[in-house]
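Per-chain residue numbering starts at 1, and chain names A, B, C and D are given in the order in which the chains are listed.
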């Protein structure tokens, strides 16, 4: 009979063999990074919104300016009762909130944090793989909306479907602009190609379309129509309580994280940046995190400044304005690629 | 299983239990989410408490749209018979560690409408944890009510 | 069900527990995103104030009637008190009338700010403006606390005058608050009325033509938002409104944007009124004592007052006892809610427009329920 | 000020409906009160709206004169041009509280007539949906605003 410590030693040997893989999965682009990012963004958003409203925001949770507030929320929700409506479809009701954060987090494995620090290289097609996985994400609000058998959630899940269709096509087209500039689908080659100039300068129109696409895809404020509190109570999350509700909230922030990381890799030169104190690996990661912080702050700023679009206005923006601009951006990319290759 | 192991295990379990209670109590104390639900005429004062000057979010109190995720049902102002049936329904829909708070003189004992035919007291409908008198009570009184509720939440884990 | 049953009509209920629906249940029949029918189900805060007032003498009666609209207490107490004075046949001293006008206009600003904040919230979770309006109410609440002793339900008006004198010490503080408020109004205009997304959400939404507004009975700023200049302060000047020059604000378009613009400009106008009232307020007695146990002479009186939500009237009938025989209150929000319920028949309404339209009418459901 | 407009309106009404008008008087400037016989309500209402331009309805109320065993239904009307308030009254016996509904003349009286029916038990014949407006759905306590409906404290005086 295999004894306990034998198992432990073999597992330890396996871990020591591919230590880098475990660090990548568990720490830097993996579990710890995502949880810390979600906790920090929740705290930052509540404090930032409070400042916009001239108030203080969470203060007494942790001693200094309430930084333990998200942890207090998590501890409370962790021990709360999970209520499943009687006429809800139990299996799907549990499935949707569990799988949604997983799918959103799955896309982060393709993002390069350093020249050789990427979990899965995607054999040259990581951009297409990213869009394939991210395309699954809108499916789960539909499942959740249908499973919780509530009028608010059905309306909200249909709105998610409209919004995601209207948002993903401009995203794809503007990504095509970047692919033309680099000539390859691999995210690491895209980042390497941006060493001379970031693609936000030649592909400026594409960057704008991509940014608006991010807001619509991750349902941030001007486009947070599926979770419109004023019309449909809490969107497709209305029936969830306890840890399931926590998972759906985390999914929203992980979606924001994955899409803004893609924006950084495509347009802001991924991990490009001056090397600090001679340690290339750490400085590459440092630059990615700095750009991520700036981008997330801008996205959260939108929440204090703008009200919300109506669903038909949002779709009109997606189809009528974003797609033509993205196509124009493709032409610009072709012109830049053929006539002034020296810029890139 | 010798007696020594058993007592050691009990001690370990007791220590873990207390640590668990302290942490979860602290978590629940600083994250009381009332539902977006206003029953009566004290609601402008509750908005002032949520406003910048008194700011109940310092204590982690964040009004949430849906009743499923709320853990405090705050009865703000007068409670009429028609509203009482909805309050009863909401109270049953809330997830388990739930608390109730009655703000204003009317839920306590019908306030200035003592002889009205359609006003009811709050404790005829749901078990109330904290009462805040006043018509409308001052924002400081409401925040003190929340702090008393926080103490009760922390001990009652 | 509606007669167009060929479509799949879904009835959504925004119950009393809903971020946008105050103390009311709004039933909406929708076909997809298009709204066919809005039915406000009110009565959740019906305290039977008209029955209670038959049990209170004229000094006690101010307390329950003030709780009808907690945000705009002074105007409502004023209509009750003026009806009592008309029956008693007495006229409050000049200084009391000026104090009453000041407090009523401050209440109008407080109420419009509250309605303003809720309209911002209804347009799509726009938290900054709602909390700004809450912050900008605090200075006025402090002033009211200095004058009347409480922040909200003042019970400051009594048949025959006012309860206490206007302390002259706080005149400068009052004028300083008004200056600060005018800067804040400027901030609202830049952050709110020139916000493109708000314009796209509120313009041409819920258009109310003038003849529809009168036929359906819209009240106050909603009527003036459609271009009908009906304002009790000008048509039938009460207190000292005839000695103060101010203009009645109307907007021709009649959509939600116009109604909010009327409220915004009325706040600007109220600041001017308060300034004039403070400057030429005479000295002298502030109250002519009327004992609450005095038997009311037989008779009736209908007093009209322009509250922030529209024209409110109190019809008091007395049969010689100390308590009025019957007090009928005409509530403006009941008329506004009927106009909201007829909106889908006048213009095309989407589901996301319902909160915008509903809160551009600035409803206060306790006012409709009484 | 004078009351020429009010007197002109009273003359116009008196000249058209001598028998229908029981009494018509000017209470004070900008306040007119007419009492109309119940069966002629409809014609007088149509005349007021079309010829005298009383197009804005403030509200509908009723008074219960229990000693004279009669209800008095009052329509509060406002002319948006002359800005004069007219109270159109009609007396109906307490035991047969029926009166024609004027909803076909003024659409806005819908909610007000429902509320008066709920509070007094006066049925408005021809009203499309006389259902509960303010009281709770399961209310069987009679008609609250009638004088014989006693409040809990009114015995105490």
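Some points to look at:
Assume a contact is a pair of C-beta atoms (placed from the backbone, for glycine too) under 8 Å apart; a residue touches a chain by one contact, two chains touch by 3 or more.
Computed from a prediction, not measured in an experiment: that's the story for all the values here.
Common neighbours of chain C and chain D, by the contact definition above: B. Taking each chain's centre as the average of its CA atoms, chain A and chain B sit 35 Å apart. As a whole-number value, the distance joining the C-alpha centres of chain B and chain C reads 31 Å.
Centroid to centroid, with C-alpha atoms defining each point, chain B and chain D lie 46 Å apart.
Rounded to whole angstrom units, the spacing between the C-alpha centres of chain A and chain D is 63.
Contacts with at least two other chains are made by residues 18-19, 43, 46, 48, 51-52, 55, 131, 135 of chain C. Residue positions 53-55, 229, 233 of chain A each touch two or more of the other chains.
Touching two or more other chains at once are residues 36, 51-52, 65, 80, 82, 115-118 of chain B. Contacts between chains form some other arrangement here, matching none of path, ring, star or all-to-all. Of all possible chain pairs, the ones that touch are A-B, A-C, B-C, B-D, C-D. Contacts from chain C toward chain D in the complex involve residues 42-43, 46, 48, 50-52, 55, 86, 214-217, 228, 230, 235-236, 300, 302, 304, 311, 313, 315, 317, 325-326, 328, 330-331, 334-335, 337-338, 342, 369-370.
Across the complex, chain C is touched by residues 35-45, 47-48, 50-53, 65, 67, 77-78, 80, 82-83, 86, 90, 112-113, 115-119, 135-136, 138 of chain B. Put simply, chain C touches chain A in their complex at residues 10, 12, 18-20, 33, 120-128, 130-132, 135, 195, 197-198, 200-201, 350-355. By the touch criterion stated above, chain D contacts chain B in their complex at residues 135-137, 139, 141, 144, 149, 151-154. The touching residues of chain B, when paired with chain A in their complex, are 23-24, 26-31, 36, 51-52, 55, 57-60, 62, 64-66, 68-69, 71, 93, 95-97.
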